[in-house]
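Below are two complexes that have chain A in common, paired first with chain B and then with chain C.
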Partner chain A sequence: MKARNRGSRKSAKPRGETYLFRLFVAGNESNSSQARANLARLCEERIEGSYKIETVDVLKDPSTAYENKVLVTPTLILIKPLPKVTVLGNLNDTWQVLAALRLTPVQR
Partner chain B sequence: MSNQKLPYRELETKIKEAEELIHALRTHQVDAIVGERHVTLVRLKQAEENLKNSRDQLRALVAHMLSVREDERAVIARELHDEFGLALTSLHLGLSWISRKLTPGQQPLQEKITSLSATTTSLIRSVRNIATELRPGVLDEFGLVKTLKSQAREFEGHTGIRCMVKTNAAQAKFDRLAAVSIFRIVQAALANIARHAEASRAVIALMKRKNGLILTLTDNGKGINRSLIVSHTSLGITGMRERALALGGTFTLRGSRGKGTTLTVQIPLSRILDSRVGA
Partner chain C sequence: MATAKRRAETKNARGPQNSKKKLPKVSTGIAGLDLVLGGGFPAGRMTLLSGGPGSGKTIMGLQCLLHAATAGQAGILVLFEERPAAVRQNAWSWGWDLARLENKNKLYLMDARLDPEAVVSGEFSINALLAILDQRIKSMRAKLIFIDAVDALLHLYDSPMRERHELYALHEWLLDRKLTTIMTVKTVPQETAPSQYAFLDFMADCVIHIDQRVTAQITTRRLRVIKYRGSGYGRNEYPFIINDDGINIVPISSNVLQHRPPGPKVSSGQIGLDDVLAGGYKCGTSILIAGTAGAGKTTLACVFTRAACLRGKRVLYLTFEESPESLVSNMLSPGLSLQPLIKTGKLLVRSYLPEAMGVEEHLFYALKELDEFQPQHVVVDAISACKRMGSDQAAFEYLMRLLNACKERGITCICINQTSGLDMAEDISGVGISSIIDTIVLLRHRLTGGAMSRQLIVMKSRGSKHSDQFHEFRITDEGIEMVKA
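Let's look at the complex of A and B:
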């Protein structure tokens, strides 16, 4: 399991929350790479400094994926804040992803 | 009340998840499928692209091979006609000359010469037929429409199946390779009708329309079943389809039991009309 913590870079946390994402990928396969890049970009744009992304490579760690009931990759799970949200795919559709993760201005 | 709603909400969530999964799969956004023991990589989009590329390459190769084969056929037909045809005609003339020089007392020799002369005539006819089969001279000399009419007459003579040609493209000038391809498609289709259709009537229609040249061959035979149409072992059908696709066209074959078979080939005019002459 590979984790990246960018939470310490800036303290501007929306409503004081730190977002915790778990992104399941398959090595450097096309959709997985896109999902990684898209998630990093969205987080930087929307919740800079207030997020943590745990990346799980299912090729190296399939059991974690199975335990999390992940069927396919890429799968993104918003762990915190609750309720949990699962988003499938390469996260190219920015607005749908933001809406699903409750990161749109209206929903925030 | 909230307890009663729970199963419904769970069901709704599951349906939403399933829909998302289907969407991700359909839009090729899935890299891997995770199982308890195995992770299976999914490269559908890449596989589809590879398959399409392979298919395109194969089609280009087939088109090239067909073109090379037609050129070779033309050369062989010319050689057969010019070399063998001429030699056999000389032989025939020589035998006739000898025959005229024989005296009435040389009856056995006369009979032998007559027999050899008949064999030579038969050989000349065979060589002419083979040369025509390889490359119908009429196609180069008189064009596609007249060749199709000649082919229809010949087919009728050989099989007893009535064969008509309908066309509005008698004046059109066709590209040489395209004309050969259409002729070969008709030749193969007629061969299929003769062998399998049990028909009494066949119609060849070659129509020039705005959207392309449309060739249809219909018969009133026993029809064809779908498994034969799509079978890779139906080499005649595969060959016709490849020739049509090589011209950027489409190929369809429809048939129903007892109601005959219809073959339709549609080719864009830009690919079939001789650009040097124009329509």
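Let's look at the complex of A and C:
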């Protein structure tokens, strides 16, 4: 999968790593919806095609939230590549989120 | 425990909480605190415990949770700061086995520590926490929830406004689920500015402030109920102690004197002295034996102790001046053999170092012995040493409450007091307790013709005739002997 993603991409990207995100949301509450949209946009802009987002609705699956030590929604966890990063909130501050996730601007 | 419960029940009847329609309450698991709160924390509502570091907030909440869990009521402890493993370990120091209750699904420790490295970007809510709790509450059928150090969570918001908003939301959420909630919040000891979480005091239905203070090098913990919606409560500051079995409070909860009337006369152990006292001491009264060093105070008290034990009564001897062994050995000189009385269980000697503990702890141990040993008579040797519990005020509090406790139980209490000089009128009672003393026996030395003689006089004997003369007595190999005038 990694290889395919890498091969199919036209533009340059940060060393072709696959990003795995886990986003914890609470149903359709406004902050959760915003986080979903913000994350999707950031990923498309920065790492198009080389990412995967698992969304967990804490209202439906509180156990997974607890296992991941998630107490607030929305919570975004960058699972891969290591080290793990946790970002809380609706991800409205683009630059802060990019910096936290180590998604520095692409060098062309 | 049974006796404490009994006391709690009898005192409840005349305590502040005596209304027709009682608010449902949940026992705190601490008998004395239940007395202060008129039964316990409000059921289905929120109680706030606030206090500085080390004040005992967590233990108080934990004790309530454990009490409920042991009785079959499931509860959840939400830990925002401590690791569950550490809490389990700490609980062991009071002999509380949390794991056992967890295995029975009566207790759940929820690790709610936040990742300190998490980055905050934009708004969020605590919906995940609530969803996790909701699931847990339903599966355990929990009725009680203890949220420890909620401030750790609130710090995330970085805005007092948002913190307040979220707490109100959390409060509503808890009320909707009819959970009895205990929440702790830290306070910093500053009188000038109101605490950041002062609004919590308005939100919660019951608020208890806890603190610890150091006076004269002795630390005293105190608690005060700030408010209790829909219920009466004890409005004073109550000192409490934390010892081997958790928090213990001995509140002065009765606002009326419940002293039993004095009983029949009982021999002082010495026939001649009985004559002077017109029959002996009255049962259930307080007797003060005052005098200079070496006047024979302890001997006189031991004469009484021995005679009472031989009549089959139980005597509790509290000494602040010597060890039980040394008392027993010293009393052999005037021929008072105490060891056999200790062996038969009629005499219990307890010795304490006054400065080792504060008044509350001393009182706690004394009252515990009153309840467990159930003595008919108590000797306190000597009240002058009680000042070393901290101050004159400390000694006064200790004796006043001990004497009151004795009078409520119909126990005769003999207090020994060492006076400093020969002019004893000033410091007979030493710590200002003379008003609740019924009988005062004063001992003194007299130097006559190159020899020392001992004299005693009965200065006061409420409700009884007595001699108003000085009487000479001798300490012999067989106790005390009155010298015929």
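What we mean here is this: the second predicted complex is superposed on the first by the 92 of 108 C-alpha atoms of A that agree within 3 Å, B and C clash if a C-alpha of one lies under 4 Å from a C-alpha of the other, contacts with A are read in each partner's own complex, and residues count from 1 in each chain.
Just so we're on the same page, a contact is a pair of C-beta atoms (placed from the backbone, for glycine too) under 8 Å apart; a residue touches a chain by one contact, two chains touch by 3 or more.
These numbers come from a predicted model, not from an experiment.
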Partners on chain A (chain B, chain C) - clash or fit: clash
Chain B versus chain C as contact partner of A:104, first or second or both or neither: neither
First (chain B), second (chain C), both or neither touched by A:86: both
Per-residue contact with chain A, leading partner among chain C and chain B: C
Touched partner set for A:71, first chain B, second chain C, both or neither: both
Which superposed partner A:96 touches (first chain B, second chain C, both, neither): second
Which of chain B and chain C A:31 touches, first, second, both or neither: both
Colliding stretch - chain B into chain C, listed as 19-27, 73-81 or 181-189: 19-27
Contacts on chain A seen with chain B and repeated with chain C across the two complexes: 24, 26, 29, 31, 58-59, 62, 65-66, 70-74, 86-90, 92
Touch list for chain A against partner chain B, complex: 24-26, 29-32, 58-59, 62, 65-66, 70-74, 86-90, 92
Chain C-touching residues of chain A, taken from the complex the two chains share: 24, 26, 29, 31, 34-35, 58-59, 62-63, 65-66, 69-75, 85-93, 96-97, 100
Touching residues on chain C, where the partner in the complex is chain A: 110-115, 117-129, 131-132, 134-135, 153, 156
Chain A partner contacts - residues on chain B that touch it in the complex: 17, 20-21, 23-25, 27-39, 41-43, 45-46
